[in-house]
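Okay, so chain A shows up in both of these, paired with chain B first and chain C after.
On to the complex of A and B.
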């Protein structure tokens, strides 16, 4: 029973990181109608910058801000320099360019830094705290949980309560009408990319200290899980990304704990298959919004 | 139904601006505009001027080029040749969104309401560039509700729940809350009940005669359009074939038969 509590609570913390990354996929889908396959590779680049900053300053806060800023700038650069030049009439060209970008970024990282995993020390202890004698979350898990919740609530406020969010939502679903109403749609698309890339970088930065360490492929599995979550929840649904992330996190944690780590990806794929069979549009997909 | 009956005599009598003198610069001017492929232009060397506060009905059969003309004026379609001038300024280098911010509004044909947003959010979106401040924007949105009573009752409803009439009311109100100087409308009466059409036309006429809004109104519903217009312009094959006071156009059976089909 104690083991179950520990596995579930660790799963929730890990799930929130997956949820954050899935949320970044939802943001970019809503802003630019693209599934950004380069999201993980771009985030890893930002985390390398954060790693260097932490090594230079010794401050995790500086590293965290560095990851956010680098992520945002990288998002803007990819959108302005690459994606804007790709035809947006069908989703395919953008996806292919994104996959190409993954190869380029991962190769460049490999050439520059080699294949070895660079350990990143968590800011807070990873030993679980006990509640009434039962081990649950570590301090670091709690930190991840708080950061993830703050980001989720912050994004909710931004999208639903601010005029920037109103313009972002309108530009995504009705770009032509939005332009006729004076909304600077190209700028909104860039902002969507910046937000999305920054959130993804944050998610990867939070994850890396609990894993093997930093490497060009550090976020590959996270991307697969988050992509599963985004599809499960419906690419348009932030709530779906949040809940789906936690479900997948707990599932992975339980399968890893009771069976083996090797079975976890299979369990995630099985979940994806079942949900797509039952609800092809995703669990939370609104009736008419889903088009691709 | 005869076009001339039911027309408020005052509409053309008091509303029409005086004959253009050297000082009356057109609010909107189109000069030698050509759009489309070489050899098969959709708009063919079209020249047109609309004076401030004037309502011009843009008439013509399907395929005459009305929609293409409006989309070119708002910048959604790039012309092959010719110029579009807003208050005398050439708009060639001005983007769609900057044209809107200079007071050139367009209500496109069909369901231009953002269906994922609520009525209130649609109105806010329309008012946003003109009123960055929250208080002023709320006041502008309130003016939108004043224009069309039914919208106020549905302020929290998402756009996809609105009826066709409500959508067109919202699209028009959303354009008007930003106080544009020139308004381009594409078939606002399409598929709507006569009572709703009359309401829309009434709001348009009030806006033009009350605030000096300039209106270019593309319509298949000739009777409705001419009932509020100062002038009627008939397009055929992308060129102006008739340009006459609305009253004359409605009253002259020969013109109506030849160009308007009734």
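On to the complex of A and C.
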């Protein structure tokens, strides 16, 4: 029973990181109707910058800000420099460019930093705290939980309660009409990319200390999990991403804890396949058919 | 269909087969001019070409981006190994083992491809790409967890020796190159026939406008599944060739990186062009080797970092550059000179049907000035 509680609560903490990353996919989908396959590689670049900042200043806050800023700048650069230059009529060219970007970023990181994993120490202790004698979450997990919830709520307010959020949503859904109404659509797309990449960088920064360490491929599995989550929840639904993230996190944690770590990718693949085949519209997005 | 068009259609198929036989004979003859290592590389290129030929049809004609084509090759390789090894144990001659193994590869890759195709028919763009991505990342877990697949090391594949009559003429690498070339010809020729025939037209129709295609009586789901299965069978044959040549099939070779290289090959070669797929296959096999050869003179630490990575960086940059600046790839770049050459070589015939539609890749994208 203790084991179950521990596994579920760690699963929730991991799931929130996955949800955060999935949320970045949702943001970019809402802003530009594209699934950014380079999201993980771009985020890892930002985390390398954060790593260097932490080593130089010793401050986690500086590293955190560095990751966010680098992520946002990278997002803007990729959108302005690459994505704007490819045809937007079908999603294919955008996906192919993103894949090319993954290859370039990962291999350049590999050349610069070598294949080994750089350990990153978490800001807070990782030993689990006990509630009534049952080990539950570590301080770091709690920190992740709080950060993830703050970001999710913040993004919710931004998208649903602010003028900028309204403009972002409008330019994604009806770019022509939005432009006629005075929304600067290209700028909105860039802002969407910046927001999305910054959130992805934050998610990877939170993930890395709990894993082997920092490496060019640190976020590959996270991307697959987050994509599963985004599909599970529907790419248009932030609430779905949050819930889906927790579901996938708990699933991975339980399979790893009770069966074996090797089975976890298969469980995620099975979940993805079942959802895609049974409910291709996503579980939480009943209204709109997927047409991308 | 009237007799005239049936006649030209059959004539076209005959022309394609004739060209395939000629190219195969040429390639077989060329193996005599190559040393064993070059012949090994030729066999690997042929195997890769099997996969890229199917992928280029899938991506270029039906618009289904599969990032997991390596999984289909792996299915073919495992199918080959699972049939050929017991056949060798049972004392069957190597030729029979080879033939049975190829059938096993077709069955395995066809089954996996059919399932993926069914998923692909329901999904579009990013969803199919994401599913295939998840599949290729889960492949090592499948190989480790499913009993009988030999875990991380994979399965040993029985050695296919040079048959008696040829033993005096060639070494084993050249024989394997022969096997690779013949299997590739068998795998790719049907794809060329499909592409230029009615099936190819249907694929283009579905890609161009699904609703219009449906109104014209074409079932998009059937066309997509068919394209996926055709591409999978061809990729499975490529996996079988790789299994024969390397005498092993394991999850390590069929990584995400390899899968992405296949995408690079078809994009750089020109989406939808089978000739471009061949050029792309040669590129993705030879460039990493060239880079490693050049890097081997460097200090050990630098060499270790550059090996693998530098070629991937070049491929990624190529992928971006081709997609942004040069969307037709090699096929479009050479189509002008090729057409002029073909026009000069061809006997003047008034009623010559165009063998290749000029727009065999994606249309030029409009330059985007503003959104």
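Everything below uses one rule, namely that the second predicted complex is superposed on the first by the 289 of 292 C-alpha atoms of A that agree within 3 Å, B and C clash if a C-alpha of one lies under 4 Å from a C-alpha of the other, contacts with A are read in each partner's own complex, and residues count from 1 in each chain.
Basically, contacts are C-beta pairs under 8 Å (C-beta built on N, C-alpha and C of every residue); 3 or more make two chains touch, one makes a residue touch a chain.
Remember, predicted model here, so these are calculated numbers, not experimental data.
K.L.:
Of the two partners chain B and chain C, which one touches more residues belonging to chain A?
P.N.:
C
K.L.:
By the touch definition at the top of the document, which applies to A:177: first (chain B), second (chain C), both, or neither?
P.N.:
It touches chain B, and chain C stays clear.
K.L.:
What is the contact status of A:169 with respect to chain B (first) and chain C (second): first, second, both, or neither?
P.N.:
In the superposition, A:169 contacts chain B only.
K.L.:
On the A-aligned overlay, A:185 touches which partner chain: chain B = first, chain C = second, or both, or neither?
P.N.:
both
K.L.:
Quick check on the superposed pair: does A:97 touch chain B, chain C, both, or neither? Answer first, second, both or neither.
P.N.:
Touch status of A:97: second partner only.
K.L.:
Which chain A residues come up in both lists, the one for chain B and the one for chain C?
P.N.:
Residues 179, 185 of chain A touch both chain B and chain C.
K.L.:
Quick one: in the complex, what on chain C touches chain A?
P.N.:
Touching chain A from chain C are residues 59, 63, 65, 67, 118-119, 122-127, 129-131, 133-135, 137-138, 141-142, 144-145, 256, 260, 263-264, 267, 304-306, 308-313, 315-320, 323-324, 327, 362, 365-366, 368, 370-371.
K.L.:
Tell me, which parts of chain A touch chain B in their complex?
P.N.:
That would be residues 163, 166-167, 169-170, 173-174, 176-185, 288-289 of chain A.
K.L.:
In the complex, go through chain B and note every residue touching chain A.
P.N.:
74, 76, 95-98, 100-101, 105-106, 108, 112, 114-117, 121, 124-126, 128-130, 132, 160, 174-175, 178
K.L.:
What part of chain A is in contact with chain C in the complex they form?
P.N.:
Going through chain A, the ones touching chain C are 34-35, 37, 82, 84-93, 95-97, 99-108, 110-112, 114-115, 171, 175, 179, 185-186, 189, 220-221, 224, 227-228, 231, 262-266, 268-269, 272-273, 276-277, 280, 290-292.
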